[in-house]
Amino acid sequence: MILAEIAAALDAHVEGDSTLVIRRAVHPSEAEGPEDLALAMDKDLLALLPGSKAVAAVVAEGAEVPDGIQARIVVKRPRYAMAGLLDVFEKPVHAEPGIHPMAFVAPDAVVADDASIAPFAYVGPRARIEAGVVILPHVTVGADAVIGAGSLLHPGARIGERVVLGARCIIHPNAAVGNDGFSFVTPEPGSVESAKTTGRVVGTNVLIRRVNSIGTVILGDDVEIGAGSAIDRGTVTATRIGNGTKIDNLVQIGHNVQIGTNCMLCGHVGVAGSAIIGDRVVLAGKVGVADHVKIGSDAVVAGNSGVGTDIPAKSVYMGYPAVPRARAFEQYKGLARLKRLFAEVADLKARLHAVDGVGAAPPVASSEPEQD
Amino acid sequence: MILAEIAAALDAHVEGDSTLVIRRAVHPSEAEGPEDLALAMDKDLLALLPGSKAVAAVVAEGAEVPDGIQARIVVKRPRYAMAGLLDVFEKPVHAEPGIHPMAFVAPDAVVADDASIAPFAYVGPRARIEAGVVILPHVTVGADAVIGAGSLLHPGARIGERVVLGARCIIHPNAAVGNDGFSFVTPEPGSVESAKTTGRVVGTNVLIRRVNSIGTVILGDDVEIGAGSAIDRGTVTATRIGNGTKIDNLVQIGHNVQIGTNCMLCGHVGVAGSAIIGDRVVLAGKVGVADHVKIGSDAVVAGNSGVGTDIPAKSVYMGYPAVPRARAFEQYKGLARLKRLFAEVADLKARLHAVDGVGAAPPVASSEPEQD
Amino acid sequence: MILAEIAAALDAHVEGDSTLVIRRAVHPSEAEGPEDLALAMDKDLLALLPGSKAVAAVVAEGAEVPDGIQARIVVKRPRYAMAGLLDVFEKPVHAEPGIHPMAFVAPDAVVADDASIAPFAYVGPRARIEAGVVILPHVTVGADAVIGAGSLLHPGARIGERVVLGARCIIHPNAAVGNDGFSFVTPEPGSVESAKTTGRVVGTNVLIRRVNSIGTVILGDDVEIGAGSAIDRGTVTATRIGNGTKIDNLVQIGHNVQIGTNCMLCGHVGVAGSAIIGDRVVLAGKVGVADHVKIGSDAVVAGNSGVGTDIPAKSVYMGYPAVPRARAFEQYKGLARLKRLFAEVADLKARLHAVDGVGAAPPVASSEPEQD
């Protein structure tokens, strides 16, 4: 591939020799010769170019390159260009065509001719594997599941019974989609019900009865589920995740949850049962969302926040309990100044005592700011 | 099945034609005809009945149903009735009788005649699989493990060596029970030991030595372990989880932990090594429990809380660090009002300066409540 | 094995009959006879010795033992001695020599003669399995991966393509190393970018483009990855974890993260993309680290903390957002006293009103400390 072709794929232009032949895209310090294209789109990477063995580089607009660089691709939005570059230089996962003899496919499952099913993959009764699907080793596809065209199931992915995946979904290693929901009930109101309403524990959960889930999970097109994540199926109907939504590793989605399109849920996010999340919502790492909560479209929730109440569309929330970002910042600022406030109040108390003589004379306090 | 039979299973009564034949239980909006029983036990679902194709419904006491509904089952405690309904309409997982030829069972493992062992399941040496156990694809049962009668192991469940499961346990997909504990030690006191005692790091962990776990995990009867959860085995003796305790997805239980009966641990809960949890304790989502902490029976801990100290029985705790719920609410209230308090103190300072002339004249501040 | 031999392995000495034959190391209450060595190195366990059937025990220096104990090994640092004892009495996992006929090994994979590969393990094309490696059932080793000498891969471990493990690594059940990173980009700045810079959501993520990861993961020697943990590969180069670093269960490590040597990351820790963590850093349970953050060597971060900014070497941090430990304690103390502060300020206000007559007369408030 020559530099000009790569630039064309990125909608960018080349400065210098655009006919250089390129074999790999690499970190500047890992370049081994003239066929390696150094990715140097931010200033830290750019600073490594002088020591690099590369003679071609991708840089941001306005970047200055050392003399050794004979040609460069100049891009406008580096992160976006990176996506294009890594499409060009993608390293697709190894998958052989057809059904491997060491796979198990139920006789009544339907598998597209061009699907790839690896050793030790299991495809259950009546499951449907559509065109171009790649199923890697140790994947379980439950009975009656549907895997949409072009989807990729990484090793150890578990697709539960009746689960439906849209087109081009990616299920990362050891993710489990379509698990039985965590739903139990006590004959009389249990301890959580009483704690929520009265703040006290009155019921005791001496009998716990399981509520079976007979629903399923429906994923839209282009959905990704990260490594080790767990998506529970609905109690009666379906847990749904809309087109284009991306879910990171170790995320937990409870039964009946409804998530819109193009959301991003980062690592360790937990969404409890029956929560409703709009479109294009971003939940940063470790955010917890309580059951039945509604989050409006385009909302952004900062990492580690605990969402216990509904969040309006287009808002930015943070904290535990999560509040609008400006208010959270104000609270943190207040907390940081609290020690000084205590000192100031003690000081006022002492001075007021000197004026009105009320109460005991407080010990002398200083209003000087303290170091910490 | 006729409506009267379903009502009998729920200990409820029918109003209207109790001889209607029912085939499925469905969400009101998903009913396709008269053989679908619409579940409409809360007011949101009830509101969907007028547009539903169902002619039979399950409703809460006192609910008014539209004319199209020819018969209804009336229940007292809807959530509890739901458990009964979903027992009646359960969709059991696909499992074929016997040991599949593509499974591996060690020659000296003992497997009950009526157990079901799926393709790609592995049962190690001397393991014992009791009556009615269902082992789905890709399950690993380690050497010397015991799987109690009627237990169900979902795809990808890992049962470590020597682990003992009671009767009717359910291990959800990709849960791992009986992992080596996370236990390491440094020859001299390490950085955590010094941080805890002095607040400073003096030791440095230049040598880390592994503490092997030679214990195991013992689960009581009717225990559930959620998808992707990890239960470490004891160092010398057993990590124990009592009868009827339910553990949700992605929960981490450290080595030597002791959990009583009928507890509920929700998604992403983490319990560090050697913690002791009583009976009927509820830990909501993402609760963290520090090592060696004791939590009394019937305690309830709110979501996202960090428990660093012992919690008494029957108490409700929340926050980080977790405190009694009333105190936590007071703290959140205080935080929310902090900005106003700063303004008030500034105002008092200015006014007191006018009285006593002490200090510099502070800038003018307002005690008016601010909007936020 | 006789008691003297065990003591020698621990660098400890025996008091009493050092020729006793020992078969097992047990919890004092689980001893069944004279061949069981009771581990009683802390005072709780020591208190169980009088009722134990053991006649030999391991105790800490200065401990008094009951008459029934005929011999004891006396150790100086009990936790460290425990590591030695559990090396002596280790129960190694069951593994048969050679490649099991029910395993799959690609024809061009290279497997050391003394490696052990269990049923249903998968070793992909060109992978290299070095001397003494043990691969348990249901493990996936991707194409071109390298498993260093003496490493142990537990059931369900997923080793991605091109991933390199050093010597003696342990990958616990269902851990996934080398997953595709969670990296997406929008053509125009997205909602998170605008939320971070302006506090408001202006962009909307209507188009999300995937950034493929073409890098890998490189683990040093003696690294452990806990059950269910997920380590993403680098975007262009490698996510790296240094020699001797131990990672607990359900931990998430994002793409491009660099972790030094001998770190300990406890359960549910999450480290976002491109963070840099020094040597011997300890992150307690559930700590979250934001992307691109740097944590200095020997730092200790307390459980549940959220780290959003760089942390200096040798410091102890806690809280959300994480601050130096002393400051965090001060903040918690302040929070706990906040209610009293509100009362004091109200009191001062009333008294000042009596002096200067400014404003309305506030309601009477008490400065008495309140109980809580």
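Order of writing sets the labels: A, B and C. Residues in every chain begin at 1.
As a working rule, a residue touches a chain if its C-beta (ideal position, glycine included) is under 8 Å from a C-beta of that chain, and two chains touch if they have at least 3 such contacts.
Remember, it's a predicted structure, so these values are computed and weren't measured experimentally.
S.K.: Which angle of rotation, from 0 to 180°, maps the CA atoms of chain B onto the equivalent atoms of chain C, to the nearest 5?
M.R.: Angle of rotation between the two copies: 120 degrees.
S.K.: Same or different: do the copies chain A and chain B touch each other through matching residue numbers, with over half of them shared?
M.R.: Counting which numbers both chains contribute, under half are shared, so the two copies meet through different residues.
S.K.: What whole-Å value do you get for the distance between chain A and chain B if each is reduced to the mean of its CA atoms?
M.R.: Centres of chain A and chain B (C-alpha means) sit 22 Å apart.
S.K.: Would you mind listing the residues of chain C that make contact with two or more other chains?
M.R.: Only 120, 138, 156, 174, 228, 250, 268, 286, 320, 326, 335, 338, 341, 345, 348, 352, 355 qualify.
S.K.: Could you list, by residue number, the parts of chain B that touch chain A in their complex?
M.R.: Contacts found on chain B: 25-27, 30, 39, 77, 79-80, 82-83, 86-87, 89-91, 93-94, 102, 118-120, 136-138, 154-156, 170, 172-174, 224, 226-228, 244, 246, 248-250, 262, 264, 266-268, 280, 282, 284-286, 298-300, 303-304, 314-316, 319-320, 325-326, 332, 335-336, 338-339, 341-342, 345, 348-349, 352, 355-356, 358-359, 372.
S.K.: Can you name the residues of chain B that touch chain C in the complex?
M.R.: The touching residues are 104, 120, 122, 124-125, 138, 140, 142-143, 156, 158, 160-162, 174, 176, 179-180, 182, 184-187, 190-192, 195, 199-201, 204-206, 208-214, 228-230, 232, 235-237, 250, 252, 254, 268, 270, 272, 286, 288, 290, 306, 308, 320-321, 323, 326-327, 330-331, 334-335, 337-338, 341, 344-345, 348, 351-352, 354-355, 367.
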